[in-house]
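Pasting the structures in now, so scroll down.
Consider the two complexes below, in which subunit A is the common component and subunit B and subunit C are the respective partners.
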Partner chain A sequence: MVLLQRPHILLLLIDTHQFLQCWIAFGSANEEGQQQEEFSEELLVKPLPDHKLLAHFHFQSSAPPSTSNGCHHHLFPKAISQLVQKFRVKEMELSFTQGRWNYESWGGFDPISSSNAKPPGVELWAVFDVPQHHIDASWKNLTHTLSGLFCASINFLESTATYSTPEWSFPPASGNVRYGTFPCEAVCTENLTPWLRLLPCRDKAGIALLLDRPSLYRGFYHSQRLHLTSTESSSEGIDSGIILEQTLTVVLQPNSERAIEVHASEKHVQPSWSLSSIFGKQVSGRCVLAKSSSVYLLLDWGLVAELKFPNKENGKSAANGLTSENFWSNPSFELSVNPDRIFLEESSSHSKSLSILYMFQVEKYSESEPFDIGLMWKVPVAWLCQQTPLHASRFFMGSGNERGAIAISLKSTQFTEGFMSANSKDGSCELRVDVFQVVPWYVKVYFHSLRVFVDQQPRAVSDFIEKIHVSPSKDKMSPGVMEVVLKLPCRVNTAALTIEFDKGFLRIDEYPPDANQGFDIPSAIISFPNFHASMVFLEDDSLNRSPLLSKFQHNQMHSVCTILWIIAQCAAKACC
Partner chain B sequence: MEKVKKKIGSFSFWNWVTASIIFRLILIYFPKNLNLSSRPEVSTPLTSFRRLAEGYWLKQSFMSPYAGSMYHGSPLLLSLLGPLTINRIEGQPNHLLYSLVSVIADVVSAMLIRATGQNLRLAYLRSLESLDLVKQIEVSGDIAALIYLCNPFTIVACVGLSTSPIENMAVILCLYGACSRLIPLAAFGWVIATHLSLYPAILIIPVIFLLGCGPDSPPRKLFLQRHQQKEVLNQSKLPPRFSWGPVIHFAFWAFLWSVYVLVLCGISLKQFGGLWEMFKSTYGFILTVEDLSPNIGVLWYFFAEVFEFFRNFFLIVFHVNILFMILPLAIRLRHRPCYLAFVYVAICSMLKSYPSVGDSALYLGLLGWFVNELADMQFSLFLFCGYVGVSLLSPVMHNLWIWRGTGNANFYFATAMVYACLQIVLVVEGVSAMLNHDRKLRNLITGKPQDAKS
Partner chain C sequence: METFINPKSLFHLLLLPCLLLYSSIAYNSSPVEAAMHTNNWAVLVCTSRFWFNYRHMANTLSLYRTVKRLGIPDERIILMLADDMACNTRNKYPAQVFNNENHRLNLYGDNVEVDYRGYEVTVENFLRVLTGRHETAVPRSKRLLSDEGSHILLYMTGHGGDEFLKFQDSEELQSHDLADAVKQMKEKHRFKELLIMVDTCQAATLFNQLQSPGVLAIGSSMKGENSYSHHLDSDVGVSVVDRFTYYTLAFFERLNIYDNASLSSLFSSYNPSLLMSTTYYRKDLYKRRLEEVPVTNFFGSVMETIHTDAAYKALSRRNSGRFEDEMSLDQSVHHIKRRMLIKVNDGDEIHDINPEGEEGASKCPWSTFRNKFQKAENVDSLLNYGLVAMIPLLVISTWLVQ
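Up next is the complex of A and B:
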């Protein structure tokens, strides 16, 4: 008897292909970059099919190796560089997320969603460049430092029962990685302010001016991420210093009163919006410390296919006339500002249509003439975002407080069929799925009860699981980790993994505050390592480089499923 | 006439044995199984079948079976019973082979109890004869074996796939060996029982008495008094004095078996943590009461609430509690070593960290040996009703608390406390009934009025 106890969630985030070709030429510009600190700010806006809008802020600071100019920094936040030097962090990512990424409507197969759809709460992983026996100590210190820096309860991740050591399924495959999540952390403005403090202009100038707290936290999804890469201490010789990447991804509902009035009966009408209507603010010029400051508007290929561009049939020839007006004045929509550049996707695996990227330079604008783009829809339009190969959801089975089972179910999406046929030339088409799941110690998982269901039929575990690595949980000591590599046939419709567990009993002082709310199980990360579709934009100007777009090139692909698991473990609550 | 009666008795004994085996098999074949293996009454962290399967799975995946805190049993059980957790016969219920092993263990235990009971009865008859108190004695071996086989607790533990039938078999094997003076067998039983669940270690005292002075008999003082009365001192009719020979023999064999078991464990855990890890996660787990999931004992509730600061203190208190009772009981009941073993087993099952109904099944079975001596026990109806009531109420309370969420921990703990009290009453009443029985014998011999109850 299997009971679905709680509604949960499915989020799925997939890794991406290369999204945009990177403009960085590792030539003369890079040598110059080694000598000075740089900062760039960018914003990418993308309409989403369900009448929402994705805004993705991307700030990147880079510092040259400390040997070149000592401990002084002009732009780079000193706190971060000290942290890197002290704990010898090679790579680190910290994300604060509120809300869940809706993979069905917001897509999962583009760089934005695959790298920025994060599990709710706090997620931290770090790779250290210290000997094995010092890693745990470094991790503890790092969590405490970050906790202080970002006003969050990251310090709870110091206990060995909360973090784990992924062996091979976690992206930066290395023995030195530590991974911890704190799913029940409430993310709010107190975490954003310290994050903004790391920017040279804070939120006083430039694109960060748009970060109006009430508008941001009104959104459906909010994820602030901090990623840093350091080659300070690497022995490989290439020493490019520290690169700090700060991104903020929000999904907002544009204020669409006018649209409702006009087309109240029309279901598919997209709300018209402008930056000032969404954020309530305008950009009055760039941050003067920024090397580049630009705003992009991305129209998905799915959307482009629906829009009637004059010479849509001939994409290649259209690319030649990039500056021609027909790409931004269109019978379907109207942009309030003329784009400075237009990029067209060079080639696409799905070959139905090509995505379009409009670029706006913020440098041109000033306080007297603030920058504000708006998009006005003239006709209703409906499209679908590109989905992940498999749609993942995780749920909890069973009732009562004694035992249960976790099920991870994968369902194929229509979008994948095209890829499947493209990838299955040799006949033996296999879809590789990596599942990484951490469970807290009080979920006592019976690994021998792992079952695989393919197309709703129970199948032998060894037929579909190529590799499995588990590290069983130790009471109050370490969480349980399960890493599974699944090989599924491409034609699979559904697949499910189930695993049984007993609920452990906690001592009275081990309950988290507000225990009746339930216990969150950290998200499962599901990745599709074999999916490499590419999305390359035509670009002839190699000097113009955008860190935002280039960053998406080598993204790791994961899907995140989260369940909020309600368990009222009431042992020993009575009579005290 | 007596022969016919005996024949009928023995016939119905085998009937009952067959009936109980068939009943077990029916329960094993019960459609969609009864899920007894996940009941807290049946499977504790030490005896749980699922944990055994998990330990075996980990071992098969080249990990230490003690990685994580799932398995806390012996590595030998893993090697013997582990393969049975995954082998299945097409078309048969899962774990059929494992269940059959449990049934066989139960039957073997019952047969050993029967043989021991017959030994005890013969020895007791002989000593009564030497006191000139010829008395009709019931066939306590058959009764004890039937109590053990037909006890719902035993059946549940057997069908619930816990490892307690095997632990119980080891304890019974030890007592059987000691009663029949098969010293290597006694030593083997004792070593295996200790290895599997630690608490039977204290049975070494009754075993030494059994080997040293023979099975249960009236106090030695009575014999001396009797002979003084008759003024004939017939040494041959006196019970033998304590002899150290068999005890030393036992110690030697126990040492040999322990080394053997440790070597086997060491071999099976060679590529993992070795013996130290085994001791830490078996004996260490028993002694530190790490798992606080509810069971029919009382310690889980206590340690879920006690302040961390006092935890070690109370751990010592609870375990020393068992040790404190060893010496006084050993002195008082030294002439009845089998009864002493029963009392020890009952005390352990009351105070152990993770008790299950399998432990009660064992001491209730052993109680059957003493039906003649304990005929005058008080509160026997009360105890019987108490056991029935607790075993019906406890699952209800557990269901209310864990599954329905309408009750709380106190509901379930109340039944656990009543259960503990019943066991205390049983032990106290049992011991006092046995002492009264001795007094009665003394009065018979010295000719004092029977009702002189001091």
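Up next is the complex of A and C:
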């Protein structure tokens, strides 16, 4: 009764109770923060044989599993964690790409190209942790959410005619994976803006400061990728931990007019470059929220073989002389900044020389003393990058608009010999090739007409195809999916798969507004599961684990993929 | 028994007027016209595809830049671009779009956000944005989340004709479609005032069917006239801007966020001989005088900042306000608390310029009382006053029951 007569006291009591509860909850959340959220940023630069430069930005954010509902993030982007919790995404990869990865010049058998050479346009695949009959609804909602988040037309992937369910072609092969790609999607600043907003420092500090939009989009190849994995949650009340990896891979041409110095006498010297000449900006210090911030310069083993390093023959024993002057200043090139550490590749089964990785710590630099790495070439150097075991290409055959054939051709490269000798067992070796191809419903393929040609001779299909999974297309409902495992002899010169198709009839409202440009057929994915594109670098300092280098080491899970793209030019004439 | 009934009825009699007072404030049953202008939205649509229609993209992006510069954030801008010019392979300057051959301004900038792009810019999606009838999965950034206090700027550019606007060479938006959508918007209280600005050939014909009040429309040319491009950029290779938008921008580039230029000065700045067409504006549906309406009512978002000498009130008082919410004794008091809290969070966007409100103040003491409520800065003390006022009633009622 007393309390009722004094409502003020009642209010005060409840007020303090609530306040104490809130304070305790907050305090306990802090106590449980043994695993903190982490963010690291890295940039890897690599000169390419055709006078271009590869720049690979790698940003990694991780959020530990938390017990409270509605967890408190201070580094991890909330949009991503909400997306993962709402749609119960186990693993997801979304990439926006413009340009073609030139496998001949830029190589295909290194960790960067095997995971970052993506089909043009938008590619999305996701694995869900929901019952089988809910996956399609989750996929649809996910595509809409991502389209709003990244300013792209990813929502077009919601229709069943655009996405497919690969059975065993994808590394997380479980049947819960959905794969969709939209090849004619433009990629521009509006896709990069929200992608950068997911980083704690945006593009205002740290390595992301280098991302000058005109320089990026002037490149020959540009791919921004977002990969997230959520770790298993052991119990119901615990939100799973999430690892978000964002990479941006660009291939740029160093502008020779803005280069540091070019020797006038040598015409074919590689253009010298520096970060400020390529991007127009310098790194003025690290992102203060980043646990580690470093820049790497990778010299491929092919390049190292051509350069004249004095201690080259010693190999492993040169570890003692790693910090010696020889490794960054020698007759062939000169670095403008001394590296902080030098890593040598541990061992390479398929080559005699080893790659060298120079590491530069960005922590030492600040706004008054910005970081700018530059490489000046003194002599012309020509080298080759490691190629994929077989070089793949895809093209159309036939003429006219009614029918034709799709052909996938595989050719051996000069590196194939080296692969095969390393891989032979019991004298007879086989090269396993996985092919995953999706065609839209209006390219009606006839799977019975699948033919295999080995060394230009038609052969029986059952001789070389070990496993095949086919999902025929339904008009306007689902695309045609083909997954093939080929076993080719190791000494194969060329191999080809052909399959015939008829063009389906499209109503007038099913043509896009710019039908004169033709139709883009999604890329096929060719992978070599037996080969591992990994680079292991000596790391004596276990505290200094870099996410980028660990990705290099653990690339054994991902096979080398050769990704192709083709515009159906013959289909273009069929319209209007 | 008799003594038991009377105090109770007395208690009810005392409480009832208070309940009525609070509930009427809480539910704010004022008509829509008296709703305050609380936020600004912009819907910018470019309907043309292909490289030679670069100027339409530049038009839309110029407006986008202006509207952002004058204060409307990306969350309240719906930008629809039918094609990609900046990263087009024919663009010599990747990630850059210019509206002038001097290339002084890069309209694309670093922070552009396009909500509908490419094949998504269709008449269906446009009408869905206006009317708000989306599928459930459509994300918030692609919705026009305006309310009855919103001023919306709708800018459309592309190729048009007599009573139609062409969408991407495959569809048309007709004048009665647009009028119908605007009528639906009005029914659903999705805007307080709407300014439609169209830069196409024969633009004025697109407004022929409009009937909803509160709509102001301006078109770049009348029936039978074409709208022309301004100049050709020989470096980029195409015309980079249209005349109407060029002169609109010339007007806005002289402004900053605090200027008071009125809509009538904007409309009178158009010179028919320079535009080579006659601009037409339709103001019969718009009640206010154009001289009194600042352009930032539509093209920008001016927030009123209230200078306080004292330090900002500590967070705990706000928390206590929220906790009081959960266990409040009176439902209508609960409503008014929530509404007051929301109002204070948006407090810096409340415009004081409300001529009708101030005119009515002298006539109706009720509205002055209401205005005082709405202008109150210290909501917490107001809540406390309300609660304190309830205490004597409670004391009396319990004493009577005893």
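Assume the second predicted complex is superposed on the first by the 489 of 576 C-alpha atoms of A that agree within 3 Å, B and C clash if a C-alpha of one lies under 4 Å from a C-alpha of the other, contacts with A are read in each partner's own complex, and residues count from 1 in each chain.
Here, a contact is a pair of C-beta atoms (placed from the backbone, for glycine too) under 8 Å apart; a residue touches a chain by one contact, two chains touch by 3 or more.
Computed from a predicted structure; not experimentally measured.
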Query = Regarding the shared-chain residue A:Arg507, is it in contact with subunit B (first), subunit C (second), both, or neither?
reply = first
Ask   = Between subunit B (first) and subunit C (second), which, if any, makes contact with A:Gly400: first, second, both or neither?
value = first
Inquiry  = Looking at A:His448, would you say it contacts subunit B, subunit C, both, or neither? Reply first, second, both or neither.
reply    = first
Query = Does subunit B (first) or subunit C (second) touch A:Gly480, or do both, or does neither?
reply = first
Task = Go through the superposed model and pick first if A:Ala161 touches only subunit B, second if only subunit C, both, or neither.
result = neither
Request  = Identify the partner contact of A:Glu190: answer first if only subunit B is touched, second if only subunit C is, both if each is, neither if none is.
outcome  = second
Task = Please work out whether A:Val470 is in contact with subunit B alone, subunit C alone, both, or neither, and reply first, second, both or neither.
result = first
Query = Can you list the subunit C residues touching subunit A in their complex?
reply = 49-50, 84, 86-88, 93-96, 108-115, 117-120, 137-142, 168-170, 316, 319-320, 323-324, 327, 329, 387, 390-391, 394-395, 398
Task = Can you check the complex and tell me which residues of subunit B touch subunit A?
result = 38, 50, 53-54, 56-58, 61, 63, 67-70, 85, 290-294, 300-301, 303-305, 308, 401-403, 405, 408-410
Task = Show which residues of subunit A lie in contact with subunit B when the two form their complex.
result = 399-403, 441, 444, 446-449, 468, 470-475, 477, 480, 502, 504-509, 568, 570-576
Task = Spell out the part of subunit A that touches subunit C in their complex, as residue ranges.
result = 1, 4-5, 7-8, 11, 14-15, 18-19, 22, 98, 140-141, 144-145, 147-149, 151-153, 155-156, 158, 185-190, 193-194, 203, 213-214, 216-218, 512-514
